[in-house]
Structure formats: C-alpha cells, structure tokens
C-alpha cells in the first residue's frame, strides 16, 4: 500500500514505508547455538522477512555500528523502527536514546520486541519500570486475539500458538495500553499482555512479546504477519516536533 | 478520613495522609511583587491551606534544601507529593528525580502544578515532551467540570473561574489521560486539558493547571478544594516496588 | 469506612453503603444439586457474606419479587447494586432495566457477576454484544492481579485460584475497560478479562467473572474480598441525573 | 486509496469505501430558510462533497424512505454510515436501530453528526444519556486539534473556526473517548469535546459536533476535510458478527 503523508510545512509522498530493524546483536556472535538459529542475526532474520513485502523498504542497524547505526539522518529517514535488545541495554548511549525518543515524539513508529521491555527507550517512553515475571522452560504459549477488527490482527484468527518459548507473566508494569491486542496463555500457568498499543507525541508504539534468542520465533508466519501489520499501523502521518512551547498573541480581545 | 493501607509485607495503619509540598522557591526570593503575593513562598501558601484539613499532615521542601528536601526517608514518609517549579527545572538533581520516580511507581501520589508541566519528574513519568501554548496577558479562565461524579470534583459545580491567569493552550503533548477532569476556556480564545489523571506503577498522578507565581491563585477556594480532593484521591493503597523481575518456577506441569 | 457524599442540591451523610443484591433466583428453586450449594439462593449467600462488613447494609431482591424488587424507592436507596442472572435475562422487564440504567447514570454503582455478561442491563450499559467463549468442564482458573495498587485488589496477592469453574474465554465483546484489573488463565487453554472497570454517567461499573451456579464460588474468601472491595470502589460520590440538556444564556458577550 | 479488507469467511477486495449518508430530512422540507441553505437536504450537501473523492462511493437515505432506507442489504453494502437527526429521533424505528447497531458491531463505521448526539443509535452505542448544554445564539466556535498525528486531523492545522454556530457545552455525558480529537472553544464561554473516537465490537465510531441546520456548516472546507478523513479512518477491516457465544472443547488436557 503506497503511503501518502504530510509534514507540517512540506508535503511528502512516499511509495514505501522505511523501516530500520535494530538489534543489539550480541548473543548471535557469542553463542554457537544461537548463531545456528539466527546466522545473520535476529535483525537479519527480521529484515529478510520484511523484504518480501513490496511496500516496505528495510535497513538494519546494530549496537556495534557507529552511533549504533542511528544517526540523525537515519532516523529522519525512518518511518518505523523495530527494536530488539536483551543483555546490553545499559550499553546503549543515553544521547542516542534521547535522539530516538525525540524522533518518536515527532512521529516515527516504534515496535518494541520481547526482552526490549527493559530497554532504555521503552522505559523512557512508558514512564514506568516495565518489570514482569519470566521463566525460560521451553513451554507453550497461545496468544489470544482480543481485537479482531484492529489492523494489527488482520490475517490472524482467534489465537495463534508458539510451541516453545520463554515465559513472560503479569504483572507487567506498563501504563494502561491505549489498545490491548493480544493476551498470552502459558503452559506453566501465567498470562501476559503480549500486544499493546500506545500513542505518544505524534508517534505510535507497539510492544510485541514473542522473540527469545534461543527459539526460532522470527521465522514463525503469524509472528511475521503481526510484525508487518504493526509496521503499517505505526507508519506516521506527519513528521513534526512537539518539543517547543509556542507563545502566541490572543485570538480574541482580552478586556483588562 | 482516616486512611488504612497495606504494604506488601507489612501492614500500616495511618490516621493521616502525609503530604510533602515541594517548591523550587526562587521567584519569591528574587521579585518583590511576587514575594508580596506569597510572603511565605508558594509552598507556604499551599501548606497553610492544607493544614486546615484534619486528615492531612503537611511538610514542605524546596530546591535550596539539602537533597532538595527529598531524602529517601522523607519520600518513604510521604503519601502524596505536590510539585511546583518553573525557572529552575534544570537545577533539580537527576538522582533526586530518579528517587522520586521510584517512589511514585511504588505508590506515592504526585500532584503536578502549573508550570511543572515542564519539570523533569513530570516529563519522565509521561514519556512525552509536555509542551503547550502559553501567554501571560492577565486573561480570564473558566475551568469546566467534565466529571461531576469523580472524587476530585466534589464540591465544585459545573465550572469555576479565575479572573486573571497566564494562559496554557492545546496541544498539550501528554499521553491520553486515564481520566480527563477539567477543560479550561480562556478569554483569548484557547482551550486546555487543565485537570488530568494518570496511573503509573502503583502510584497516581494528577496534573492541575492553575498557579502562576504572579497571581494569587493558591488562595482561591476552588483551587484549594480541588487540590485537597486530589490529595485524597492520590493517597496510595500500598507501598511496593515494581522494579524487579521475578523468576518463579511453573505453577502447572510443563510437558517437554 | 463511613461514607460522606454530596447530592448536587442537598448534602447527604451516610454511615453505611447501601447494597442491593439482585438474583434471578431460578436455578436454586428448580435443581436439587444447586439448591444444596446455595440453600438460601445465590443472593442469600452473597448477602450473608456482605453482612459481616460493618460499613455495608445489605438487602436482597429477585426476579420473582414485585417489580423484580427494584422499585424507584429501592433504587434511590441503593448505593451499589450487584446483579446475578443466567437463564432468565429475557424475563427482566424492559421498564425495570431502563429504571436501573437511569439510576446508574445518576451515580449508583453496578457490580455485574459471571453470566450476567449477557443481562439486558449490562449490554445496555456497554453498547456491545458482550459475547464470549464458554465451556463447563470443571477446570481450574487462576485470576492474575494486574493492578496491585487499585482499591479493588487490596488483600489479594499476585493471583488467586478457583479449583473448579465454568470457563469464559476471549474475545469478550466489551468496550476497552477504563481499567483492567484481573485476567484469568484457564486449564483448558483460554484467557479472559475477568475484572473490568468502567465509568458511565455519574456511576461506576465492575464486571467480575467468578460465580457459576453449580460451584460454591460465592463462599470463596478471595472472591468475597474482591466483591467487598468493588462495592466500596463503586459507592457513588453524588446522586444527580444526567438526562436533561440545559439551555443557558451566554457567560460572555457575543458580538453579532 | 484503494481498500483491501477481509471477511472472516470470505475475502473481499474493494476499490472504494461505500458510504451511506443518512438524514432525517425534515427541517429542509418544512422551513424555507433552511431549504435555502440546503436545497437538496443536508444529506444532499454531504453526499455532493463526498462525491468529489475518488475512493468514496456515496448513496443517501432518509427517514421517509422505506425502512428509512436502511435495509439489511443496504447496510451489508455500507462500509461507513453517517447520521444526521434532530427533531425526529423518536420516529426512527427501534427495529432499524437494532439492525444498524448489529451492523456497527460487525464492523461498519458510524459517523455521528451534531444533534445526532441524542439519536437512538448513538445513545444505544454509548450506554449513556449523551446530554449536553446548548444555546443557539450565532456565536463563534474554534475547534482545537488535540491530535495532529491522527488520521482524522490530516490537513487541519492547530485549529479551525466556524463564524456562526449553535453552541454545545460540557458536561457531555459520554463514555471517556478512546481518543479525543477536537475540543471546541465558544465565544459565549463554554468548551466541548467536539471530535471523539470510540471502538465498539468490530466497528469504529466518530462523533463530530459541527452541523446545525440553520448554518451552512456542511459547505465548510475544514468540516468536509474532517468528515472525509473520518470516513477513511472508520472504514472496517472485517465484517464479522460478535453476537454469538462459542462453546468449544478444551485446547489443553483438563485433569479431573
């Protein structure tokens, strides 16, 4: 679907949604069994899946890149940023986090994946601790679709299943989502708000739970379907800063 | 109203709501005309009003105090913190902001007043820029009551008026409030979401617009009524951290 | 906790929360095994539990009573109405439903229990179909506490369990709750939004899932704890109609 | 923009959004001054504006038509229904209202215009009284844009003005909107939530305030722009009933 959107001052027409797939990219270089699952990295697997979509133009970036691959120029040319991090949240530069945050509030979409619940960027957008229960016991997860009419769930039925996952359970310390899309059932007895939408500034944020590095989650067709839908949903209407306070004169007479 | 609440581990019974009234306290010391309005500081005026309520126990703290008057001990003994800042937001120590944030997420209520929309603590709790339009032209404001059944509006009619105020106008860059309580009409032609509730972690937050330093707003009976109602509404049920991720075993058998 | 609240014109002070426990009351009279569980009816069991709370004054009403026991006088003297129905939703008089609806919008709290998701009053307050998945297979339910800081969950831990229940599963066709309190995990593989808050007019509504007639759910201490908490939460601040449109003159000069 | 959407059983691809513009159509036939403003009726004026949009296919229907022009067949072939009523709300057949309500919950979008706040269909979707303050004094209205990043406000600046309108003021007795888009400032001193989004069942609802019969509001370019944007926003993803409760077997073993 071609995208038409407007900057506050200038009009932009784009044929494609520009996606930057970000990954801390550490597990894959250090652990053989993980590299076997994701030989091109988690970012490589996600990017490959997205490249089959004709309306999505994908690049990747990782922690090891200069400025983590997230220069001002890259961000200005990104409609939607997907984020995967786990063991190196603390290594992400605060100045880059602040830059990403500014860009989201100006309109860029953000898709937060799995263990990125504890990333600096997600915590700073939410204002909460984003803590949760967790357990890695290769258990079954079933994600229930609470919003069959929402753009993010198109092509998904009543639920979909993942045979072996790391468990995340409630209470997830997040602000009440603007829209709750998926709730997970876990074999071990927990539940979790696995798909959550928020709107912040001019930008849209989607948290999507699936994705541990030791399971081939990002090859699952339902997971990719949701990811693609979420990218289209998060694609911005405008690119306009919300940082400044205007100080205009009155629009009506003021009687002193 | 006596307050009964529970810590997660220990039970606490308190006869009173413990309020800390925080003020940057700079305008009043530097500008004669402002000191004339608030000879004991904005914090002094608010605290004096709160002290007429038998169920509220009030202390004050300012930027100039050691650790801004917000030590760990003070915060642990604070049910609700009210915050007024304006020209010295940048001078508030980041470590103190982080400490206040932790305490809010553990349950402490936060009342954010007027120009504190741009305080570090409010911006960090909201995740947005909290920008707005503004104009200081001594104009009339009328605050409309959108939630007559809500605890914060008890004793307030359909609206109340302030004859001379600084104007704040939309768009106010905040997350959609969990509950929108007041919308202001301004003589000069703008509107504003002047009373907004959010829940974050275990804590409650209320933004309340009235209160510029050059007008005697904190002597207005309706403003004080709302403030007292908001303090009672924001009084916590529990004091429990949401920082840690638990890693429990399964509650049900997992079939491998 | 004594209750102090205000009518828009007259002030009322009440020492107690007045609760009317409504039950269609049919299963218990027709089926021996159900009567054995609830010999005084579901309403009798709930009322007995509430009567141990010193701040709650309880009466009961059933479908068989004149005007279903819900006369204008009873409703005007009810702060919170609890509702249990199942096989006789269609037998509830539309005029009584309209009367209850008016009273809720004026401030009365409503607690909707279990199969009352399909009651006329709940569907008319929600505006949706309130459909869901269901199965009666005596399975285990675990209700997860998503809001440990909320008044409704005080005294409840991370979760509580019911050993044998009828299952309700998503998608539950309801408006996004103003606050989602409990999510259930079911042994058979489903999840459900089991505790949901809404505010409508001047009134508060809580849907609470537990309670099938063939299980002794209303003798469970956690269920009763939540019910009592919800009654206190739903107790109104005011009793004021929202039916009429006022037609006032202007508050400011209009320039023609 | 071509629209691609899916029925739960069958896939549908449509080049256009099918809109039905409904009007009670009484003022225009009875009052000369109103007929002069809307010689083809309010529905005629709206339909004419929509017909300039290549992706929108428009038909009209009125109270006087058989089944008010809203047969099952018409509704099944309507993506978005716009509704204008005022003095004849009571004359709309309850069975037709129920039919429209079913279709909205299955996915059809609903745009509720001006005095239709008191229509049967809007009240039944909201569950509240939908009352408000009003005054017809030819005053100025300024609609402030609270969500510059939302699809409904594209092409609209910080605000837009209408020189002469009937006033609607708060408190508007509605459920908290899922998203609040516009707040109006009125010359006479009131404010109003003039653009509100809700999601119900599989359908989307937008209330838009402008539009009294005695002013040429539906020729205003900003009003039409918002209306067109809202129609695109409300266009359904699916057409699927939410009326029935499924009774499936368990997905996991239940241990008795």
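Going by the order they are written in, the chains are A, B, C and D; count residues from 1 in each one.
Just so it is clear, a residue touches a chain if its C-beta (ideal position, glycine included) is under 8 Å from a C-beta of that chain, and two chains touch if they have at least 3 such contacts.
Keep in mind that what you see is a predicted model, and the values were worked out from it rather than measured.
**Q** What chains touch chain C and also chain D?
**A** Chains that touch both chain C and chain D, as defined above, are A, B.
**Q** Can you tell me which chain lies farthest from chain B, using the average of the Cα atoms as each chain's centre?
**A** Most remote chain from chain B, centroid-wise, comes out as D.
**Q** Could you say what rotation angle superposes chain A on its sequence twin chain D, using C-alpha positions and rounding to the nearest 5°?
**A** 180
**Q** Could you put a whole-Å number on the gap between the CA centroids of chain B and chain C?
**A** Chain B and chain C have C-alpha centres separated by 32 Å.
**Q** Can you give the whole-Å distance between the Cα centres of chain A and chain C?
**A** 37
**Q** Spell out, as numbers or ranges, the residues of chain A touching 2 or more other chains.
**A** In chain A, residues 142, 147-148, 171, 176, 178-179, 187, 189-190, 199, 201, 251-252 touch at least two other chains, as defined above.
**Q** Could you pull out which chain B residues touch chain C in their complex?
**A** Listed in rising order, the residues are 1, 4-6, 8, 107, 142, 147-151, 154-155, 178-179, 187, 199, 201-204, 236-238, 240, 251-252.
**Q** Spell out the part of chain D that touches chain C in their complex, as residue ranges.
**A** Per the stated touch rule, the residues are 105, 118, 124-129, 131-135, 137-140, 167, 171, 173, 175-176, 178, 187-190, 198-201, 242-252, 254-256.
**Q** Considering the complex alone, what residue numbers of chain A touch chain C?
**A** 142, 144-148, 158, 169-172, 176, 179-180, 183-186, 189-191, 193
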